[in-house]
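Pasting the structures in now, so scroll down.
The two complexes that follow have subunit A in common; it is paired with subunit B in the first and with subunit C in the second.
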Partner chain A sequence: MQDLVNIFIKGVFIENMIFAYFLGMCSYLAVSKTVNTAVGLGFAVIFVLCVTIPVNYLLEKFILSAGALEWAGMPDVDLSFLSFIMFIAIIASIVQLVEMLVEKFAPALYGALGIFLPLIAVNCSILGGALFMQEREFETLTEATVFGFGSGVGWLLAIVAIAAIREKIRYSNVPAPLRGLGITFIITGLMGMAFMSFMGIELG
Partner chain B sequence: MKALLDILAKVKPNFEKGGKLEKFFPAYDALETFMFVPGHTTKSGSHIRDGIDLKRTMITVVLAMIPCLIFGIWNAGHQHYLALGEFIGLGEGMTEKMMVGAMLVLPIVAVSYGVGLGIEFAAAIIRGHALNEGFLVSGMLIPLIMPVGVPLWMVGVATAFAVIIGKEVFGGTGMNIVNPAITARAFLFFAYPSDMSGDKVWVDTTLNEGQKLVDSYTGETILSQAINNGEKFVGTGGEPLSTMDLFYGFMPGSIGETSTLACLIGAAVLLLTGIASWRTMFSVGVGGYVMALIFNVWAATPFMTVEPFTQLMIGGFAFGAIFMATDPVTATQTNTGKYIYGFLIGFFAIMFRVFNPAYPEGMMLAILFMNVMAPIIDHYVLNANIQKRMKRANA
Partner chain C sequence: MSEAAEELKAPAIKEKSEPLFSKKNRKLLSDPMDDNNPVTVQVLGICSALAITVQLEPSVVMGVSVIVVCAFSNLLISLIRNLIPDRIRIIVQLVVVAFLVILVDQILKAFVYDVSKQLSVFVGLIITNCIIMGRLEAFALQNKPWPALLDGIGNGAAYGAVLVLVAFFRELLGSGKLFGADMLLWLGYEPNGMMILPPMALIVVGLIIWAQRARNTKLIETH
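Our next item is the complex of A and B:
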């Protein structure tokens, strides 16, 4: 249990997808103009991470990694060279599913997210999450799922925080060349500095 | 005074529209309004007649910091002599201590004001907006949260970073999202960790001919002692420190932060004049106390066993709660938000310093973190209020 809490806290704060690894920056920068859409996209990312990481975990464990195909009577086969392409394929199909669900149940959000919903498929934080999962060699399926959930929550926190800041600075007198993306990058840097306070915290 | 006014009036045409020094009008304007109450009135909209304006507010905050500054100067000298084993008594060598302290502290103040105001003037001239007084406070805060041993060029670099990246790119005073003084401190802390933490920088140990450090010398701050020893604190000369010593601030630390008493005098000034929010200050204290109490019960490491009230007196907790968490620009704007914001600052400050041995100064990091989170808190507090009123209207 303590391990799971650790993994979760680590995913949210210490190894935050945005501020520690700068993954998933494109949608983070593009969809952070208002808090409400940011929250919507954030939850979509949490959902996708929560589904893709366990699926990819099972794929990795039972098909791709060296010796994983033992159950099928092929202990010498090593398919790990396929992991990139397989992970992407899984992510793409699950994103398709999310898109259909959002369109059906939350049309307003679907309109607001626009092109960025299908783009979750190529959101680096999703593939990054899958690859971190592979690299960190989680013991159980639960650990992998909690990791996915934690990373998603961290991403949500980051995008909501910047969206709120961008709403706040809407009336700030930012120099013309920096308006829009420029100032957003600077804010992200300052926020990254704030999140550095969590680095080095050792849990349990 | 009259002569000064005449001079100002005489050169004014040069700076007005069409004058040859038109570009430098913000600089002239700043000097004029700094010394005399200007005769401007609002041209439209509401007319609120009140003696308090941005300038008065800022000067009051600076005045509230003066006790911390004076104590910091004396303490810098006191710690220096403790390390040498001279004038160990508190009342001894007052003049010498003030002299040494002033030699150490005033250059830092000068660099911070010089660099910061220089950049502010330049920015005002380039961008053509009025020069604001916000930096008067930041320029005083920056030296007070630096260690005594910080090299002056670092103060300059950090101030430049804080004023440009932390403030001017957002449009100047009132538009920034993180407190510039905290930005300066955090910038140095992450960029030059060896000059901002550890046990070499808190006490000035420059030796003259024939002087030497006492054998029991320790330059560790109270925070780093607490990590290993819990509540057995010793001062620079190795003498044990009582809780009252911590309260008065006879310990090494950043220049202005050591004395909780001096900070409380500042707090009284800020609260009586109504400039700082009592909600934030109060809830920072509560947050810190609650977290320290939880750690007390848990008591897994020596640091956790430190008494809650002691936790609030060591490090920069009091200083941060009183002067930095209450920054009206970067804090939450709503009253409910202020309680949440303050509570989380206190809570995170104690958590960071206990959990994160590499970053003992949790207060700075907690305020920085909550500065970034403040807009979300405001957003949801506002939305909750809207929902509540909608419900009432519909009922």
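Our next item is the complex of A and C:
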């Protein structure tokens, strides 16, 4: 249990997708003009990460990694070079599937998340999450899922925070060439520095 | 039958007589460098890149990889643009890009293993680099292969240029070296450890954007 909490805290604060790895920056910069849309996209990212990371974990564990095909009687096969294409195919199709399911069974949620779901297929934080999951070699499915959830929460936190700051900064006198994109980059950098103070936190 | 086929071919040949590096085509190469820079103006593709700008060498390798992937994915998609059904185009694009990225990744692993280890997951993340998807959507799907190839090279190079610029400042100030060779240390320069930390990449990009927009005032945003 403590391990899981550690993985979660690490995903949210210490190895924050945005501030430590710059993953999902494109949508982070493009969709952070108002808090409402930022919250919508943030939840969509959490949702998709929680679905795709476990699926990709199983794929990695039972098909792609070296010796994983032992259950099929092929212990010498190493398909790990296929992981990029498999991960992105899984992500794109799951996003499509999730979009259809949500539209059918939860129209209200679809109204809130709908426009963001297609965007998410090419959000680097999703593929990045899958690749980090592969690199860190989690032992159980639960660990991988918690990692996905934690990363998603960290991403939500970052985008909501920057959206709130951008809403307020409209009233300040930023030098003209720095307006918009430039100042957003610099603020993100400063927030990243603040987040670095979480480094080294470990429970237990 | 053969006459009809020849007739069909004729206009294509005629259009090809346009010089390969006409003014319009040269603009495809030069435009992304400043007015339409994918990173500093269109805000695309920052995702997969800033973490690797601590040193120049990985940035150069990353820049070259993106040029290759961007150019060839543009070329391939442009070649098959009339065969792709509109509804599944995103998946088709992803498959083409992923295929090229796997090639690049395997080549990097074979020839520059150290750098490939340093780049870790970020080579894979070229797949979701928005510049590539953005160019495929906005350019390759509507244009002929040759302009699409040039557009890909132009955008990839512009992206690489920003990467190299950021890495130049970060490595020079952060460790006093360039490409691992001593530049400032022999002058008694004390390396600024701050520059190596991730947040400084964002701040350096912010300053580059500032400098670019101060010079090119038509890019200034109202908010």
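Here are a few things to note about the model shown:
Heads up, the rule we're going with is that the second predicted complex is superposed on the first by the 182 of 204 C-alpha atoms of A that agree within 3 Å, B and C clash if a C-alpha of one lies under 4 Å from a C-alpha of the other, contacts with A are read in each partner's own complex, and residues count from 1 in each chain.
Just so we're on the same page, a contact is a pair of C-beta atoms (placed from the backbone, for glycine too) under 8 Å apart; a residue touches a chain by one contact, two chains touch by 3 or more.
Fair warning: this is a prediction, and the values are worked out from it, not measured in the lab.
After overlaying the two complexes on the shared chain, residue contacts for A:E139 are found with neither subunit B nor subunit C.
Shared-chain residue A:S197: touches subunit B; no touch with subunit C.
Within the superposed three-chain model, A:D76 lies out of touch with both subunit B and subunit C [touch as defined at top].
Contact with subunit C, but none with subunit B, is seen for A:F84 once the two complexes are overlaid on the shared chain. Note on subunit A: of its two partners subunit C and subunit B, the one contacting more of its residues is C. In the superposed model, A:L181 makes contact with subunit C only, not with subunit B. Judged by the touch definition given at the top, the superposed model places A:E167 against subunit B, while subunit C stays out of reach. Shared interface residues of subunit A, touching subunit B in one complex and subunit C in the other, are 175, 178, 183, 186, 189-191, 193, 196.
Interface residues of subunit C facing subunit A in the complex, by the touch rule stated above, are 40, 43-51, 90-91, 94-95, 98-99, 101-102, 105-106, 120-121, 124-125, 127-130, 133, 197-203, 205-207, 209-214, 217, 220-223. Within the complex formed with subunit C, the subunit A residues making contact are 19-26, 29-30, 81-85, 87-89, 92-93, 118, 121-128, 131-132, 135, 170, 175-186, 188-193, 196.
Considering their complex, residues 127, 129, 165-166, 169-172, 175, 177-178, 183, 186-187, 190, 348, 352, 355-359, 362, 365-366, 368-369, 371-373, 375-376, 378-379 of subunit B touch subunit A.
On the side of subunit A, the complex with subunit B involves touching residues 35, 160-161, 164-165, 167-169, 172-175, 178, 183, 186-187, 189-191, 193-198, 200-203.
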